[in-house]
Amino acid sequence: MLYLQILANGLVLGGLYACIASGFSLVWGVLNVINILHGSFIVLGGYLAYFAYVKAGVHPFLSILIAIPAFFAIGYALQRLMINRIIAAPVLLTLTLTFGLDLMLSNGMILAFTADFKKLVLEPPLGTIAFGEVVLPIDRLAAMVLALALTGMLYLILSRSRIGRAIVAVRMDREAAALMGVDVKRIYAATFGLGAVMAGASGPLLVMIFPISPLGGPAYLGKAFVICVLGGLGSVPGAMIGGLVLGVAESFGSLWFGPEHAITLSFSLLILMLLFRPHGLLGRKGYE
Amino acid sequence: MSALLELEGVTRRFGGLRAVSNVTLSVPMGEVAGLIGPNGAGKTTLVNVITGVHPASAGTVRFAGADITRLKPHQAARRGIARTFQIVQPFSGMTVLENVAAAAMFAGGAAYGDAANDEAMRHLRFVGLGEVANKSAASLTLAMRKRLEFAKGLAMRPKLLLLDEVNAGLSLSEVEAALELIRAIAARGVTVLIIEHLMKVVLSLCSRIVVLHHGELIAAGAPQAIIEDPRVIEAYLGRRYSRAQAGPNG
Amino acid sequence: MKRDATIAAVLFALVALLPLAGEAYWMRLGTIVLMYGVLAMSWNFIGGMAGYPSFAVAAFFGLGAYTGAVAQKFGLPMGLAWAGAGLVAMVFAVLLGIALLRLRGHYFAIASLVVAEVLRELVNAATELTGGGMGLNLPIPAMASVDAQARFFFYAMFGVAALTFAATLATTYSKLGFGLRCIQQNEAAADMLGVDTTFYKVSGFVLSGVFVGMAGAVYASWVYYIEPPDVFDVLFSVKAIVMVLLGGAGSVFGPLIGAALFLGLEELVWRNYLEVHTGVLGLMIVVLVLFLPKGLLSLSQRFGRWRPTG
């Protein structure tokens, strides 16, 4: 059945989307900062994986492991040195700051990588696998599984580790957390770092599936927005649900309206959600 | 004397919780009435319903004979219902004068410019803040902020003034000054409903008291009757105390 | 207000004399400065006075540009097309404002940002009407000379800028402006004081759109070829915001000063380095937000109510 295939495609896509949105949602939910850089981090991770593969034969799955500490360091430093200075400032300033930083990063990437689209094609290609009538490319499936694994790891960190619990505490009540001895500045930096990791580590996955360009950040950012509004802020399960919903919606939308309208579709969904259910499908209240 | 404010069966639900439950009361024109009750009794919620901040889940609110249940806050303000806030937050980026002028302009109907400013000055002098008119509202002490709240309330040319815990955080002498102010306001013909937990204030000011407990109206009447009402005592101090007060026969 | 009006009259009179300097370069630069002046002053209504972080300037600009262009394609003379664009922008702002202004903070910002994207896609798709991705050619205005043409559009943009400034002045010293400031300080308290917040916010939003729409239409006529990504460019919104931050939000002359300063810097420093153009723009934004004290500090105080809770 065609619909089953479309659904499966959507779910696979959704898994990837959940991964890219979870870090964004975390930063927004905990720091109340919308990180415009998030999309560009994804693209950066993708480019690094691409060049690692093409120049040095490093498999993208391995690149993920490298991306994790690298992006954590970048995110931590960025937050600590710059974003933390205006952490309590109004929405306008934090948005404008990350916007400016993003302009710098994407310009830098254009200079370093040229504006050409790049896609990582594995040699030899992995082929496809069939589940009954549904056929899925193995590389996409593998990417989805890894994306879910990353998202799952984030969830475990937040729910089991000390630093994760501290992050959740700060999200719930910053002052109370500070009174209990949590170093809020460090937690903010660590959270931002984790957000950067989720973005940078999903880059290698995405570049295997979609061609990327230095100006591709906003597209991913837009999806992350929509997912956060769909699923609610600051929660990994919410990003999961939002990601799956968006993936399936885009998949069916492509079928019914054509792939070129995918962006309009997701943004229209976003506006509808914002008008009628700004706190997400799950109704979790986040920061405004 | 006709009733200025009438509530009939007013209920306000938040999800499953009934913050205010089936409250019926009336405040006659020209009176100073008190609304008391233990913490969490629903007093502020009731004021929020009257002023349109929260819509009533059930029941009606009538003001000067007209049904105002569905009105929004700014509409209620323009009809002559003014209220002060427990946690005082003036427009901190504006001067004291501008704060009061805003009230005069938007609720009181004064014209923008000199008309509103002059009226604002009059009210500021009335509450004793004339000297600080051009200072930033953020620079005022707590007691002065409370007086600023009064001035704003008055500038709204209210028929009904709802005072929500105006004495919280004030010293004894500051409370005395506030009482004087309230008496002066009432003497001008403004009907006042004061939410208070300081019994001495309520007893000295109010001719009528209404008691709320767990969102329900448990007693209403003259001050003396209220403080001796066993249900009221029980609400504040618990059943055993109430029984003990009543003595071996109760 | 009288003092501001007098200063402005002198300022505008001086600017009006610019074409006498002769060179096309200065007129072109002047036209651009005036255009961004309109954008900055317009954003100031909703962002500076009311305190709502709108990113909708790009949406209004693109909408105005395409409305004017399509009107001209159907034979309408320029002046009418520009006025029509302003009207359409106004109606759109009313509808959009009613829908979006219930949102606060980040949600409002994002929604307003997204509107431009959606509009761009819609315009892209309506190929019959707008030429879609291939762009739209406007009738080239018939003028005596290239210089005359440059002068014409300079004065056209000057007119829109003067209108916008007049509106700024009138609003600042009126009940509307005062109400918007109250909303910015504390919207709930303003509501309780009798301010019809919905009406005032929508009014501010409309003011932030109508002149931008007109400027967009004038721009389209000036360059006589437009494409969706050119006119629905989010940078219009961001630059407008940065200019106002630079010059001082909420003030009468701040947006104009900021626009002039910003564009002057751009001309001197990095317009010639095309490769790093956006990067340097980004750097300037970062430096502004992190280090520029006065303009931003006062902004911080004004927007106090948006600090994250908890």
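By written order: A, B and C. Residues from 1 in each chain.
Everything below uses one rule, namely that a residue touches a chain if its C-beta (ideal position, glycine included) is under 8 Å from a C-beta of that chain, and two chains touch if they have at least 3 such contacts.
Given the structure is predicted, the values throughout are model-derived calculations rather than measurements.
Counted as hops between touching chains, the shortest connection from chain A to chain B is 2.
Chain nearest the geometric middle of the protein is C, using mean C-alpha positions.
Interface comparison, A-C against B-C: more C-beta pairs in contact at A-C.
Using the mean of the Cα atoms as each chain's centre, the chain most removed from chain C is B.
Chain A and chain B have Cα centroids lying 50 Å from one another. Mean C-alpha position of chain A lies 32 Å from that of chain C. Averaging C-alpha coordinates per chain places the centre of chain B 44 Å away from that of chain C. Shown for chain C are the residues in touch with two or more other chains, namely 304. For chain C in complex with chain A, the touching residues are 47, 53, 99-100, 102-107, 109-111, 114-115, 117-118, 121-122, 125, 238, 241-242, 245, 275-279, 281-286, 288-290, 296, 299-300, 303-304, 306-310. Interface residues of chain B, counted against chain C in their complex, comprise 51, 53, 72-74, 77-78, 83, 85, 89, 91-94, 98, 102-103, 105-108, 112, 152, 156. Residues of chain A touching chain C in their complex: 28, 31-32, 34, 82, 85-86, 88-93, 95-97, 99-108, 111, 172-175, 222, 225, 229, 261, 263-264, 267-268, 270-271, 274-275, 278, 287-288. Across the interface of their complex, chain B is touched by residues 174-175, 178-179, 181-182, 184-186, 188-197, 301-302, 304 of chain C.
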